[in-house]
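As written, the chains take the letters A, B, C and D, and residue 1 is the first residue of each chain.
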Amino acid sequence: MSLSKEQKAALYRNLVRADQYNRMMYRRMMQGKLIGFYHPAEGAIAPGVAACTFLNQDDNLSPHHRGHGIIHMMSKGIDIKYYLAEHTGKDTGCCQGRSAFHFSFPEHKVYMMSGFIGYNFAPAVGWGLAAKRRGQGQVVMNCSGDGSYGQGRAHEAMLMAQNWKLPIIFFCENNGMSIFSTAGEMHPTPDIASMALAYDMPSVICDGQDVFDVAEAVLPAIERARRGEGPTFVEAKTLRFNEHDIGTPDLAGWEERGEQEHQEMRKREPVALATERVLAEGVFTQEQIDGLNEEAEKEIAAVEEFADNSDIARPPESELLADVFAP
Amino acid sequence: MRTITLIDAIKEAYQEELRRDDSVFLVGQDLRGAIFPHTKGLVEEFGTERILDTPIAESGMYGAAFGAAQEGMRPVVDFMFGGFSYVTFSECSVTTGQYYFLHGSQQSLPIVITAGVGTGQRLANDHAMSIHGTFAHHPGIKVAMPSTPYDAKGMFKAAIRDDNPVVIPWHMGIMMLKGEIPDEDYVVPLGVADVKREGDDVTVLANSMQLQHALKVAEKLEGEISVEVIDPRSFVPFDIDTVLQSLEKTNRLVVVDEDWESGGFAATVSARIMEQGFDLLDAPVTRVTLPNMPVPGGYMEEYVAPNPEKIEAAIRAVCA
Amino acid sequence: MSLSKEQKAALYRNLVRADQYNRMMYRRMMQGKLIGFYHPAEGAIAPGVAACTFLNQDDNLSPHHRGHGIIHMMSKGIDIKYYLAEHTGKDTGCCQGRSAFHFSFPEHKVYMMSGFIGYNFAPAVGWGLAAKRRGQGQVVMNCSGDGSYGQGRAHEAMLMAQNWKLPIIFFCENNGMSIFSTAGEMHPTPDIASMALAYDMPSVICDGQDVFDVAEAVLPAIERARRGEGPTFVEAKTLRFNEHDIGTPDLAGWEERGEQEHQEMRKREPVALATERVLAEGVFTQEQIDGLNEEAEKEIAAVEEFADNSDIARPPESELLADVFAP
Amino acid sequence: MRTITLIDAIKEAYQEELRRDDSVFLVGQDLRGAIFPHTKGLVEEFGTERILDTPIAESGMYGAAFGAAQEGMRPVVDFMFGGFSYVTFSECSVTTGQYYFLHGSQQSLPIVITAGVGTGQRLANDHAMSIHGTFAHHPGIKVAMPSTPYDAKGMFKAAIRDDNPVVIPWHMGIMMLKGEIPDEDYVVPLGVADVKREGDDVTVLANSMQLQHALKVAEKLEGEISVEVIDPRSFVPFDIDTVLQSLEKTNRLVVVDEDWESGGFAATVSARIMEQGFDLLDAPVTRVTLPNMPVPGGYMEEYVAPNPEKIEAAIRAVCA
């Protein structure tokens, strides 16, 4: 499958935005301007952009927790300001400032977050089921890390998706790490995609540093799901440039990941790789790229302003208690 | 009025709600073939999409309900035996209970969770344990349990129509209990207790199979001790006002609960009455519960679990 | 691999015993002389016999619930009288009459039963781990049905077994049914063994009606595990002649399994198939076979007598309460 | 006596028990690299078999502990955050609690279950919830939680040496709390409460971070109200005698518990005091707990959770 110029442009633009969003979140966490924790996405922004840029508003999305879903959500067209407000404890937050880091945009079919790794698999079955019954070609983009496939929930969801031919993309963002553990130690084969063999589910592996390569892998899977032909496993091999979450050391097992590993990784920085390509292919000029960067800066400044200018959410306990159940 | 069994009352609730609302569906294991009679024959009317059987994969199965509820459907998820809900407990307790509130109270989650529970089959702990107390410990989930066919039909209908997650197990010990139900559509609202028998000397709060035990004891004691029997029907929300009103009259309370003493619903009731009704009490609130041991199967079950003898003894003790 | 005459004799003898034990349990359940339920094993006795006849006492065994583990336990050399006493609520029972249908023979490394299908997978990891650390060639025979592989726990155990090269045999007794559901509907490929592909775990499929064929499949897997080479998935295709458990109707989906299905199945009755073979191969004469049957009858009569002559377990509540925690 | 933090006290307990007994090992996720400081560097001394990291597969991970315990080993399983235990709840509650008793009390199950819990990090429900109350509801499992470095070291050692499953979470809000510990080997037996401060007017039962809150309030009220502060230390078994003895003197009880009001440990204590100490009470037992809502993150956490202001108000109310 080859991408159109428009598609490449859209991907590149979102890649630039994703990169800046991630930097903003990193900076704010370091500044003490975020609640809870942040799992930085540097080096790993291409998969989410490619998986989500061409989704429709009524497709279901379960964003990966890395980058706290911002990459995925902004690529799907969700206004991030409500999530940043949430993450700063503000009353304009998408969860009324109650949730710390959970996201929720039901009108965009991004329903939820839970702190349990692998939480996405069970509800994805229900979303897929609803989409299939509706029969309008909606798909479920189910994004999570290599580590999450350790959970038995992953098996159950893939089993049922394949039994029922549900329109689910099992999108595995394999950065080779879960916290300090390496995928080499925690999964017995080189590819998490080997799990798809269990169900005779089609699978494809792509280069997660190359946003275009990921898009070329994921778009046919989306089309296949839309046509009602069932689930696909898509594995994007990616990298984690930073520590797992800000504040934890950057270890593999129990030893520092070395300078050399970092240098090797950074040779495959996704924005640099994509920039080279869009320039070479004439998708954008350098000037246009500068423009995209400026636009993204402005967008993010506005998002931060919204969050910072909102009030801290401190409703009285009685008000909260009245909100535990739907009326 | 017709006379039907409790399990058939649940089935009628299913049938009527499935007919009334296209978004209602059942999901579980072997519902089509019907492990328990309340799903028997439903697949013939409603088809395999609405009477949906899954692999033995409780997380995926529950997920089918959870995700579908987020998509606007109204699933009833049947765990067969209550203990099996523990296999996917992070989903059906924490994630379910927090979904609405923690995500800003924007989107409700209309899931009904049901299963058979309770002692009487001699099947031992994992097949006999109660689940209402555990779920009542986790905020954001309504919890109720019917004691009569009338309540069963009305409460299951209320649960299916409720926009919140509702855990509503039914007790295997009274599945064949018969009772009258009207022909018209009705619901029994969740959160409203029911005075099942009036009395003056002592109030007994009991539910489900234990409610039936309590009624028997009340009858036996008639003339000697006048026992008011209240069925909480719902544990969350719990209608404490009805109990406090009764205590104005009786000043004595026995709470019967087929769950463990430690951390069970009976403890919560006792603590709340302590706080809200201390001055009404002529004697300490007394509980009849499962002792703090895994429910044994075999011949021990019947004397370890709450039973009429234990209830009678507790009544006599608080009235002494 | 070809079996020795002694091996065939041992298998055949246990097959005869297994068959009679199952008939006894069926009869007692119908007579109201068993507590709880019974999941009859007729048609499905060969896999358990083959999996367990050659286990050592210090190998771990998790018996399949079908036949309530009796086939597996008796093949491993466990005296069934304590389990029958348990199942009749007697104080001589292996769990002091407290458990209804749970078994427990720690000295034979049959530790437990739980009512949760798939319960066996998690502890099997720990048994395998202990066996590996001890390094004495012990193996874990982990038996369960096709349906149990729906559980996410199965994935987690296989993943960890393969990561750590644990000496576990994932022994799947695939009778094509779980209660009323067919494996065809609940698993997306013809073989549950397809799951082994996910982990690059060796697997083998055998004819579960033929006790010798199963033994030929399972013995190399046991040897492989003993040598420290890791887990193997062994799938025995078998049949369920009766209803799921006594009292439930015999349905596939929601319709009666037809007379024809039953007739077809019964052509593959495991004792008949094995008898033909032992006679043809001169392992046993008809006379010897009659002798084996008589022996088994006597054994089972003694087991029933023990259970029936024991007292009903009715300890006072205080005694039970004192036994909840180990001293 | 040395002064160390609570989290280092746990680490010392691990080190000493790992050295003392070859059958002890730790299993969890990212223990080698140490998500929390109590496992930092342990792998260097004890190797990867005894500081065992698993995939993100809580059932398999817990199974490694459960099966190994049946094989005579003494695993400590670390769930990182307490809520993650719910991911494998059928194993770590029902199957674990029933194993010894239901299988004829022949073979004990020496597993220690631990995790960080509690409010104070603003991480919201799934990362903040308590687990002691839920586990205390399920028979066959001991449940305890330390409040000081001294208790932490001694109780973790006792837990590791106990032949039963012991759930012993530690509160993230006091992980850096400092306190003195002796150089010699010692254990703090499970099931023994501790009077952390003597007083005459009112008894406050509080544990873990809330114990620290209660001590602060007691100090603040000195001269005005004389507050006795008792740390239950263990929830199962629970040392009610120490509380009853205190009530002989104070006749007033406030129970502080960082768990939900409904079904939490505080309810059980109140109900038991109702039954066993009714005549000692000059005022109803009052509870300070989490209100029945999923624990909110963000800025709400600090005033929704029990805190010194709420404890003080409760003390004043029962003494009024």
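As a working rule, a residue touches a chain if its C-beta (ideal position, glycine included) is under 8 Å from a C-beta of that chain, and two chains touch if they have at least 3 such contacts.
Just so it is clear, the model here is predicted, and its values are computed rather than measured.
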{"item": "Neighbouring chains common to chain A and chain D, by label", "value": "B, C"}
{"item": "Chain whose average C-alpha position is farthest from chain B's own", "value": "A"}
{"item": "Distance between the centres, which are taken as Cα means, of chain B and chain A, whole angstrom", "value": "41"}
{"item": "Separation of mean Cα positions, chain C and chain B [Å, integer]", "value": "36"}
{"item": "Approximate Å spacing (C-alpha centroids) for the pair chain B, chain D", "value": "30"}
{"item": "Gap in Å, rounded to a whole number, between the CA centres of chain C and chain A", "value": "45"}
{"item": "Chain C residues counted as touching two or more neighbouring chains", "value": "93, 98-99, 102, 114, 116, 150-153, 155-156, 159, 163, 185-187, 320, 323-324"}
{"item": "Where chain D touches two or more other chains, by residue", "value": "54-55, 57, 59-60, 83-84, 86-87, 90, 94-95, 98, 101-102, 124-126, 139-140, 292-294, 296-297"}
{"item": "Touch-based graph of the chains, sorted into line, ring, star, complete or other", "value": "complete"}
{"item": "Parts of chain B lying in touch with chain C, wherever the complex brings them together", "value": "29-30, 32-35, 43-44, 53-60, 81, 83-84, 86-87, 121-127, 291-294, 296-300, 303-304"}
{"item": "Contact footprint of chain B on chain A as seen in their complex", "value": "93-96, 98-99, 102, 104, 106, 111-112, 114, 116, 119, 121-131, 133, 152-153, 155-157, 159-160, 163, 320, 323-327"}
{"item": "Contact footprint of chain D on chain A as seen in their complex", "value": "35-37, 86, 89, 93, 97-102, 114-118, 147-148, 150-152, 178-181, 185-187, 248-249, 251, 253-254, 312-315, 317, 320-321, 323-324"}
{"item": "Contacting residues of chain D [partner chain B, same complex]", "value": "83-84, 86-87, 89-90, 93-95, 97-98, 101-102, 124-126, 129, 133-134, 136-140, 236, 260-268, 270-272, 274-275, 278, 283-287, 292-294, 296-297"}
{"item": "Chain B - residues contacting chain A, complex", "value": "49, 54-55, 57, 59-73, 75, 88, 90-91, 94-95, 98-109, 139-140, 142, 163-164"}
